[in-house]
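Each chain carries a letter (A, B, C and D) given by its place in the written order, and its residues are counted from 1.
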Amino acid sequence: MAGSRRPGRNFLFVPGPTNVPERVQRAMIVPMEDHRSPVFPDLTLPLFEETRKIFKSRDGQVFLFPSSGTGAWEAALTNTLSPGDRVLAPRFGQFSTLWIDLAQRVGLDVEIQDEAWGTGADPARIEEALRADREHRIKAVLVVHNETATGVTSDIGAVRRAIDAAGHPAMLYVDGVSSIGSIDFRADEWGVDCAITGSQKGLMLPAGLGIVCASQRALAASRTAECRRAYFDFADQTKANATGYFPYTPPLPLLYGLREALRCLEEEGLEQVFARHRRLADGARAAVRAWGLTLCAREPKWHSDTVSAVMVPEGINGAEVISLAYRRYNLALGAGLSQVAGKLFRIGHLGDLNELMLLGALSGCEMAMRDAGIRIEPGSGVAAAQEHFRETRES
Amino acid sequence: MAGSRRPGRNFLFVPGPTNVPERVQRAMIVPMEDHRSPVFPDLTLPLFEETRKIFKSRDGQVFLFPSSGTGAWEAALTNTLSPGDRVLAPRFGQFSTLWIDLAQRVGLDVEIQDEAWGTGADPARIEEALRADREHRIKAVLVVHNETATGVTSDIGAVRRAIDAAGHPAMLYVDGVSSIGSIDFRADEWGVDCAITGSQKGLMLPAGLGIVCASQRALAASRTAECRRAYFDFADQTKANATGYFPYTPPLPLLYGLREALRCLEEEGLEQVFARHRRLADGARAAVRAWGLTLCAREPKWHSDTVSAVMVPEGINGAEVISLAYRRYNLALGAGLSQVAGKLFRIGHLGDLNELMLLGALSGCEMAMRDAGIRIEPGSGVAAAQEHFRETRES
Amino acid sequence: MAGSRRPGRNFLFVPGPTNVPERVQRAMIVPMEDHRSPVFPDLTLPLFEETRKIFKSRDGQVFLFPSSGTGAWEAALTNTLSPGDRVLAPRFGQFSTLWIDLAQRVGLDVEIQDEAWGTGADPARIEEALRADREHRIKAVLVVHNETATGVTSDIGAVRRAIDAAGHPAMLYVDGVSSIGSIDFRADEWGVDCAITGSQKGLMLPAGLGIVCASQRALAASRTAECRRAYFDFADQTKANATGYFPYTPPLPLLYGLREALRCLEEEGLEQVFARHRRLADGARAAVRAWGLTLCAREPKWHSDTVSAVMVPEGINGAEVISLAYRRYNLALGAGLSQVAGKLFRIGHLGDLNELMLLGALSGCEMAMRDAGIRIEPGSGVAAAQEHFRETRES
Amino acid sequence: MAGSRRPGRNFLFVPGPTNVPERVQRAMIVPMEDHRSPVFPDLTLPLFEETRKIFKSRDGQVFLFPSSGTGAWEAALTNTLSPGDRVLAPRFGQFSTLWIDLAQRVGLDVEIQDEAWGTGADPARIEEALRADREHRIKAVLVVHNETATGVTSDIGAVRRAIDAAGHPAMLYVDGVSSIGSIDFRADEWGVDCAITGSQKGLMLPAGLGIVCASQRALAASRTAECRRAYFDFADQTKANATGYFPYTPPLPLLYGLREALRCLEEEGLEQVFARHRRLADGARAAVRAWGLTLCAREPKWHSDTVSAVMVPEGINGAEVISLAYRRYNLALGAGLSQVAGKLFRIGHLGDLNELMLLGALSGCEMAMRDAGIRIEPGSGVAAAQEHFRETRES
């Protein structure tokens, strides 16, 4: 056994799952209990209210499914649409690709707008497509707010304005899995009809909760939508949730964890949480510049505050950097997927993070890149990030 | 705040979720990690193997969905059947009712065999229905092994013999949610094509994993089955699981917990686990007899070893017993559902239990029943159970 | 390994350590931190205040030593007395014997008053001895409030009145290890100069904190006392504690656990905690009477509310009952010590307990006693306790 | 509350307490149990054996006191020496000062050899003093192996050779609190009669266990030693430990934690643990050099592998660096104590650490130093440490 133990902590810098804060970890250590007891709603009823705030929704309805975020994708589509319904969906990365694939599997007719990987949803093209759809056959627009595969954030407010400018009644569905709780998200202001997230990113929990926040309009649509659904049915949830219960046994530790995670976000202050993510991301981007490398996101307007996808130089395999980082320095980075496989490595910088954690990770990136043969100046990225943090500190 | 704390432990005697053993609780306290790391399969690959043993299947394939058991119901049906396919399903309690409802929602044509609540699947009627189905339109027989609502266990071996006797090719799907890991279950011997369970009963975990063990025949059927599915698709899982990964982020704590729970079952010995459940159930039934009361299960052949549904005398509301037990004695009992609402209370006796835990619960039942006006002799049930345990002890 | 696992929970009914409540368990799961950080006093300063309340002391000083209760015995004596000082100490059980032994080891001259085991401190004899001590050579009276070995509680208020009646200036030191937090203790009203406890009984924590609450008079004495002391020195603690620090590294988990345990006591209400212990103890005593057995405590006035020592009939070895209870029923009982070895078994009923936990334990006692050949009626003690609990319930 | 939460992990770089590994944290989450049960020795007996290995002792006896390391100091002295006995003790830092103070308090006559802070025990002076002691009045030599206050490690092997060269029978007592489990320690080879440590440093546990490993010669001395002792008495422990028990209630979580921590050390391999500490320390020292600063330890031979005390330039207050690091970057550094207060800050680099954790901390030092006005090149220390780690990596 000698030599089998890896001392110290793993540096987890994949874009999810993210680090669970100690107090959230503690909150999840609960004995099982009767989920039909008279006191159970004391836990659950406030939970729906508090979760809604994270979406910046006033009258949306929150659904908490025992599932991954993929389940929440399915729930949003099958509850509100009918087989053959047309939806419009920009595609510019692995997660937009997968969501489109799922939409097709549940029977929808997807009008795909391909955008270059490294860019995001194009409001002008969306407006154009909607204007062209005079019969209003398009029932919904599906946008991934933060494309985890490329580190690209799309402008959902602009998408909303495009829909409005086209005078089109399509609903707007947004995947906020890797943005909500980390990057500003405004369900009401942006008129998002189904906002989708999972527990394992900005909410700082293990995977296991797929979360949808549905607008009143989406709820109305669910009453006539004909896609087959059972496990993910809104109506069963709505009926049981009304009094604080669930149609089937809920994952208790995650519910207790969610309560505590929401308290963490509230105590830090949601706007402050967004500002912290921005500041950490700016530090990471300063490091990338200091290394002389570029991001996959083509322009600053696409820069994601939760994940940076760093292009490796020609002749270098990004997977090798990731492998060296993991084996030698206990640093977990995200891989390039599909179109960008081997061309980049991804630094997830979301969730319960601070400056020194990120600086440790950037050190690990520097060592792994040098081990892989990338000629960067040791300490250069770390120094740039340090200086950014020092210049922007609050106190 | 004074007075707001309830001292001591809750006695959890609902038929699920069940008590999580201390060591399983510990095993679930894990930092998040990269579920795409090279070492992740070291955890997951053996997990599929070990879980299969619980089903007593040699070549079945185990699917671990982030969902409740309801999701596993849906997975089994949608992966292997097509819209309009006919299935045969006995109905004799709340959970058989709900599964039938789900089957209808996903588009199946369910031939329902109603049996009296308090009894179970009738192999003779099943054989008869299958014989009558000369065109083999029935694609599957759906049976709930242990009907949690009434404390009734059906004889799945006899159902298999009935199918064989009818010479019918229908597949056999069994809900073992409240039996598997507690009551003997033999997927191979009984020819079960889809065996279904959840994490929160005999597996002694929180809810959050829906588990299916599919036979090779069911897997073959999945390649042509046309029910819509996406989140619960077998093929996505099969492809990713082959190398130890998942198509979406898995619930890490439950995977670690499952590994430890399976070790618990193995260390105790699966047959010994079944014998313990039998012995505890016999103790509970001895108590019911000593109280002068009867079970909902009409004959000993229907007696469940995981839950006893105790009929309350005329003029008494079972819900009142449950309410008193909870409020006064911190004892959680199961309620009568639907047809039997108010007519009974249920004692779940499954999972990580021993004699003294059950005797404490039986004491609580005695006190709550007397508080509710049921004339039983105090200590009588406890004494009967004690004597049963003393007579049947091993060492 | 098959057969090696004991399913279900151990029933812990030794008189300490006691069950740690779930929330206290959680509170102790803390990362290590700098115990000299500027925020550390935010934890510790309120802790001294809150702990003092448990002693019912207004201006006593609380010392928290990383030690067992035995260390707190030593701290009280060595900080306030000088070698050769005379102390008066009744002796009537194992723990009074051990404290006297410790007093002798640190150099004190102990005047021992032997009382029959099963009785406690005799205020009349104490008054007599103090009256006889015209030169006031006796510096302190040492009394064990609750003698854990025999289940005897002495009347400390009466001891105080005896000292006052004798007009003697001796200080009063009381071992409240198995009473404080469970049985009413009034440091100020009773004029207790050193009150001593440990973390592992009424405070519902693991062992590891020895706690002394010293009166201003004891603190004054500490300035001239000449017993050798270093680790347990009051002055070092006083100096460091004043600003919220410790002279050496404190056991962080226990400090966080203590904070949470004190909150538990406050939320339940201290008087309500005492009433609960009384009610549970009365239930246990009702069971003993129903069994036809007697307590070691000779009269009701000596009855302890935290531990009942049950005499076994002639010809039966109490150790056999304990062994059977542990091996067969996973029930931990306390053994007879020294003079009463083999003659009794002890049921600890203190800490985080409720009715059903105790009733489960009483069931285990019944089974083990019958296994050992004691002719009691099965269920008789349980029934008597049940009826007591039903008659005295609050709501 | 908004703004009150500090996101991310604290970087704990004080020289103790150290980070508790996740698996050790888990191992300490135990229900309380009867510490007099028949199975308790299954835990404890191997524990004494395994702990002994950490001291590299074959026939020494290990004592596990519920106390801090200070208690272990007291235990070693009071069990083996008598009031008025002379001991020889070099003094060159805060911890050697405190141990000497404690020795004086328990009644010993300490011959102090003052050495400059920043240096350690001088074997030549020790030999000289022993040679001068022709009557062999010196009963023991007391040396702090690793002086935590200055980051100085003394050469205990050389001290042993000095004692032998002098032909003097004095025993050798070594404080290994901040070395054992991190820096090579050889009780047998160096003839250490009392080796002392605590749980909260190299053993990666919370504080709460004071540990002594006593040679047979020290044990023989304990039979006639006359220092007053009670709580810390070896004989009581020896008697109870022989069968796996303790004379008073032991701190159960720490015993379970110790078992797991020892497994961690064994799995990594003790020599590999030492090599890792050396390598991390070399990285830290490379950083200090790159910053253009110096260590308190005056020569490389004094360099400690567990803590580096970094001298700050004239005109800068080390306390300010520490305060800035803590407030702004959530980094806990050790302060300068006594003679060196304000003149340095200390980086503890011991326990469960890896490269990226230390690099994160070095980044924090850089930022805090620059904030405090120290002119170092940003990233310079980090780069030097990175390069050291890259050059010395194993695989």
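Assume a contact is a pair of C-beta atoms (placed from the backbone, for glycine too) under 8 Å apart; a residue touches a chain by one contact, two chains touch by 3 or more.
The UniProt protein names, listed by chain, are A, B, C, D = Serine--glyoxylate aminotransferase.
What you see is a predicted model, and the numbers here were worked out from it, not measured in a lab.
**Student:** Just to be sure I understand the contacts, which chains border both subunit B and subunit A?
**Tutor:** Looking at subunit B and subunit A together, the chains touching each of them are C, D.
**Student:** When contacts are scored as defined above, which chain pair ends up with more C-beta pairs, C-D or A-C?
**Tutor:** Most contacts of the two pairs: C-D.
**Student:** As a quick test, compute the distance in whole Å between the mean CA positions of subunit A and subunit C.
**Tutor:** Inter-chain centre distance comes to 53 Å.
**Student:** Report, in whole Å, the distance between the mean C-alpha point of subunit A and the mean C-alpha point of subunit D.
**Tutor:** Spacing between the chain centres: roughly 45 Å.
**Student:** Taking the mean of the C-alpha atoms as each chain's centre, how many Å separate subunit C from subunit D?
**Tutor:** Chain centres of subunit C and subunit D, defined by C-alpha means, are spaced 35 Å apart.
**Student:** Give the residues of subunit C touching no fewer than two other chains, as numbers and ranges.
**Tutor:** 9, 19, 22, 25, 29, 31, 327, in rising order.
**Student:** Touching residues of subunit D toward subunit B in the complex: what are they?
**Tutor:** Per the stated touch rule, the residues are 22, 25-27, 29-31.
**Student:** In the complex of these two chains, what residues of subunit C are touching subunit D?
**Tutor:** 9-10, 12, 14, 16-20, 25, 28-29, 31-38, 65-71, 73-74, 83, 102, 105-107, 198, 200, 206-208, 227-233, 247-254, 323, 326-327, 332, 335
**Student:** Okay, in this complex, where on subunit D does subunit A touch?
**Tutor:** On the subunit D side, the touching residues are 1-9, 11, 19, 21-22, 29, 264, 266-269, 272-273, 276, 327-331, 352-357, 359-361, 363-364, 366-367, 370-371, 377-380, 382-384, 386-387, 389-390, 393, 395.
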